[in-house]
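Dropping the structures in below, format is structure tokens.
Shared between the two complexes below is subunit A, which has subunit B as its partner in the first and subunit C in the second.
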Partner chain A sequence: MSALGGGAGGGEGMNPTATIVGLVIMLIALAATFVVGGMSAALVLVGIIIGGVLVGFGVHFVPVGGAPAAMGQAPGIATGVAMLAAGAGLAGLFGGAWAAELGLAVALAGGAVGGGLMMAITCMFVNIVYVFGMGIPSASGKVDKDPITGDTFPAYKSQGTEGHGLPFISYVGGVIGGALGGLGGTLIYLQLLFLYEEMLPAMLNASAEEILPVAVSLAGIFAIGMFLVNAVIAAYNITGTIEGPHDPKFKRFPRAIVGAAIASAVCGLVAILIVAV
Partner chain B sequence: MENLVLGIGITALAGALATVAGAAEDTESDIGSQGDPNSQVQLAPQMGYIHRIYNKAVSGEPPAYGLWCALGAGIAWALMSIQINAVLAIVLGSAIAVFVQGVYATTAYLGRTASLAKFEQPVYIDIIKSVTTVTMAHAFVAIFTTVAMCQLMIVALGHPFPLPLLALVWGIALGAAGSATGNPFYGKERQYQEQKFGAGVPISASGNIVRYAEAGQRSSLDNGWFASKLGGPASGICFGLIVFLELWRTVLFEQIGAGWGAIIAGVVLILVFMVIDRYIETWARKTYGPYVAETEEAAS
Partner chain C sequence: MSVKIEASEGGRPHNEILGFGLIGSLVCIYLTYLNVLTGTEIFSFFGGLGAVIALAWGSDTIKHLCSYGLGTGVPSAGMIAFGSGVIAMLFATKFGIAAPVAALVIAALLGAVIGYVSDKVVSMNIPVMVISLIELAIVGALTMMGLAAMAGGSFMFADLVAGSTTVFGIEIASYGSSVIGGSVLAVIFILGSIAVQHPFNACLGPGEQQDRTLMLAAECGFLSMIGVAVISFAFIGFGSAVVALLVSIIGWAYTYMEYIKLSRRDAYDWLDAKPIHEPKGGA
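Presenting the complex of A and B:
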């Protein structure tokens, strides 16, 4: 099974000791933020944690087939989990950051739609190449029937492979994953931008207009960094490839949510300490 | 109105630049064998198939292009801040980024191929000399167009991110779109050209890549010609559409409903692509039909 990147995984369950230790670390980060920056900083950290969890959860929806998909040996998109999710989520962040001045709701929706649109186009082109360039129809290796369309797959699967292409359920999963990634990334960015815009003028003794480029750059860098942290944590949880929400590996997501929350809390604390100390 | 017309013009130009960037990115990665199919180039000597294919998986394409585009943009940004002309600054920034790409490509080829020494895979110096520069030339096109597109987004459309950050974002998205679209075409159709068309490569055939051309051994340079038949253009249109439609929906519809117009336009676009994808999927099932085993085919 190693040729397909499956097999040796990290198991399905949650390690209770590790989970409790992690949650304690998260609470310590929250308490430290509250002590250093007050209630507003603690709320920003809560926003960052929610954003990180959305990214970590969203990555599980993205159908990634890795190297086997490039040879039509496994279904999904032929690239890495973290990379594809980052591509979609950051495209969403681009839209969300652009719409920041229009308010939180519009910016968050803009981020989600940007990420979803990137994945909608990319997944469509994956199927275009599979169908028109390689003459291969889609077939899932994990389920016999598409949960949305009801299409059956076993007859369409090439001999000696685990399936190929992007069935419709994987396509929908990709769009949802891109949207959640864009939403989470934008939420992290907006929370940090809000905090930096509030704290930096007093800290640098400058006007709000003067610090705006610094605030935007800092918030953007931290948002991209935290996005990659959460995407990589989710990728480790997935171990290799995943077909989308119908894949049995999808059930592992609670573990990634806990991991993403802890990592986001610690990273967020660092991002907040820059201005709060 | 004038602003809107300018915005649409810039959107079209950025989309065109992105299309060129996507096509160049995929062609570069196929010539240099950087994407996921490179696992087979690395595997082949271990299965006894010695080859002359370039082998430069520096990293996945998205982080690699994130680095190169951010590097090119960072240098261009610094040069522009000392009042150097924007086009010249972007050319110089991209040129320096390409040298970094060349260094990565060379060390990756040497390191990866040397690690296959115990499988008797030689390091070919002539391959380094002939292929590295070709990947650098394609990388230059991809980096220059991406950085120029980012500059347009900032100067003409007013995106708040600084140039290097925006180039990092779009560099990663470029690599993601290019590798997702172009990798299967290079992996299945080129490296496994001898396998049957219309079916996935059986796992048992892994590592048995095509190593010979019409005359002599296959060169990675020919992969550029092959990629430009479908994988490259498809990647280009994919990335071009992503950039164009992302800008188009914002420029045209953001003024409607306090920003919600652009969101609704985005959702409608997603639904349109979903319908097209479903049509392609059902078309393939009807036209190609179920898989027919090789033995039955041979008997008929």
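Presenting the complex of A and C:
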């Protein structure tokens, strides 16, 4: 919810001109990476774009309640998209980063489990606070029946609210969103880490072992930066609150995927240029 | 479509603050180059002052942007500012003496793309979206660069990755004990993004006054500077770090007292409640 009120942006549908202009920007970034760094750098950028898209898509699953949820007037977790995405994504990034030496598959799985676990724990404690602390049942305002458990909501929904608590479908959405976010963030980190481990020794004229701290921190801080950019673009797409995958706003995700791909391509180009130039 | 709501009446126009913030922070970051010219590290604290000026400008930009109602809360603007700013800043450090100007240009380009994506592809349709995200990316990049220069004494990549550590009394070069290799940037990132997103988030609402918001921004900036000054003991000389710490503490104390004065001015009423005294000998 906006702090100052005012009309929310958004609406459904995509803007075809802007989408094409954006995709052209993305292709230019890919071509520029190919010219300065060759095929290996271009593949790294493709990995970064996939990671960014996973982050942008994953954010749409997370049940974000914002300020109304804190007052028990809307379903979801009572904070903003940026905070939730940062929490899940960074937890996933830490989960995946320790496993970087064990190969791509293990590290990506670690990232996904880390992000999903973070959201699972968050959702559980949110429901404990809602049910046992505030004394409100979980009821969605957007659908009448939980698509998974079949629980009915209208009888439990208080008048004048958009629903409250965290229904099971939102919980599942939160875990999926956290896993996708952690997976995407870890993928960005690993792509950059492997590139830096390869390029930095020649650039700084030092052994691979010596530059490891620089490679790890550069890749880490770039991954955090790109993660937040993609998460906030997805948040702007949602404009405020979303209940999870059953929310009508979820259908807006194609726009966020295009947006995240463009932003990741340009940010990734800059991150690759630091070692390629 | 979005409807603009004026956050506050009066105050200085945003463009004036933009100009002052841009030039002021660039000049202050360049003043850290005196370290190289004079061969000392005593001028590192200017980087922090540059960051404080950039943060005040960033708070005003966030106010400008959020007066349209983003729908996602004020902190998201601070997060995207530093997310794009850190990417631009790190690449810009490679440009040697031109690094602050390069940070400005690269951040402006990144901000323009992200602004276009947010405004048109994601259909936010906010008239000031592109220009605000350009400004915020520059604020993020300059703040990161200022605070990194304050911690490490230089804004150049070669100096920021080089550090030294002492093993059995012998000093050896170690990339792990540098500003970038030691992941100090992650701390600077969050210190800066909290400082840029907090002031307007705390002061918004009816009766918001520009001078109070900007004073809180300066106060948050100096508070982050104190943290960076403590970190800088690890990278620059003891005397220089003490100077940086003193400047930060004095700046913070002054802006904090001014902020309390302004809050009292804008408050409807003020009760100076005294702490409850425990009776002697226990209750």
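Brief remarks on what is shown
Quick note on the criterion: the second predicted complex is superposed on the first by the 268 of 277 C-alpha atoms of A that agree within 3 Å, B and C clash if a C-alpha of one lies under 4 Å from a C-alpha of the other, contacts with A are read in each partner's own complex, and residues count from 1 in each chain.
Basically, contacts are C-beta pairs under 8 Å (C-beta built on N, C-alpha and C of every residue); 3 or more make two chains touch, one makes a residue touch a chain.
Owing to the predicted nature of the structure, the values given are computational and were not obtained by experimental measurement.
Partners subunit B and subunit C, once the complexes are superposed on subunit A, run into each other and clash. By the touch criterion defined above, A:M226 reaches subunit C but does not reach subunit B. By the document's definition of touching, neither partner reaches A:I20: not subunit B, not subunit C. When the shared chain is aligned, subunit B comes close enough to touch A:M124, but subunit C does not. With both structures placed on the common chain, the touch criterion links A:T239 to subunit C but leaves subunit B unconnected.
Of the two partner chains placed by superposition, subunit B and subunit C are both touched by A:P213. By the touch criterion defined above, A:G66 lies against subunit B and subunit C together after alignment on the C-alpha atoms of chain A. When both complexes are overlaid on chain A, the residue A:I28 reaches neither subunit B nor subunit C. In the superposition on chain A, A:A78 contacts subunit B only, with no contact to subunit C.
With both structures placed on the common chain, the touch criterion links A:V258 to subunit C but leaves subunit B unconnected. One listed stretch of subunit C collides with subunit B once both complexes sit on chain A; from 60-68, 132-140, 204-212 or 240-248, that stretch is 204-212. Counting contacts by the rule stated earlier, residues 3-4, 66-67, 80, 83, 86, 212-213, 216-217, 220-221, 224 of subunit A appear in both its interface with subunit B and its interface with subunit C. Subunit C meets subunit A in the complex at residues 1-5, 7, 66-77, 79-80, 82-88, 90-91, 94, 106, 109-110, 113-114, 116-118, 120-126, 161, 174-176, 178, 180-183, 185-186, 189, 201, 204-205.
Across the complex, subunit A meets subunit C through its residues 1-11, 13-15, 17-19, 21-22, 25, 66-67, 80-83, 86, 204, 206, 210-214, 216-218, 220-222, 224-229, 231-233, 235-240, 255-256, 258-259, 262-263, 266-267, 270-271, 273-274, 277. Contact residues of subunit A toward subunit B in the complex are 3-4, 66-73, 77-80, 83-84, 86-88, 90-91, 93-95, 97-100, 102-103, 106, 109-110, 113-114, 116-118, 120-139, 149, 151, 155-168, 171-172, 175, 212-213, 216-217, 220-221, 224. Per the touch definition, subunit B reaches subunit A in the complex via residues 35-37, 39-40, 60-63, 159-162, 165-166, 168-170, 172-173, 175-177, 179-189, 191-192, 197-206, 230-231, 234-235, 237-238, 241-242, 245-246, 249-250, 254, 258-260, 262-263, 266-267, 269-270, 273-274, 276-278, 280-281, 283-285, 288, 290-291, 293-294.
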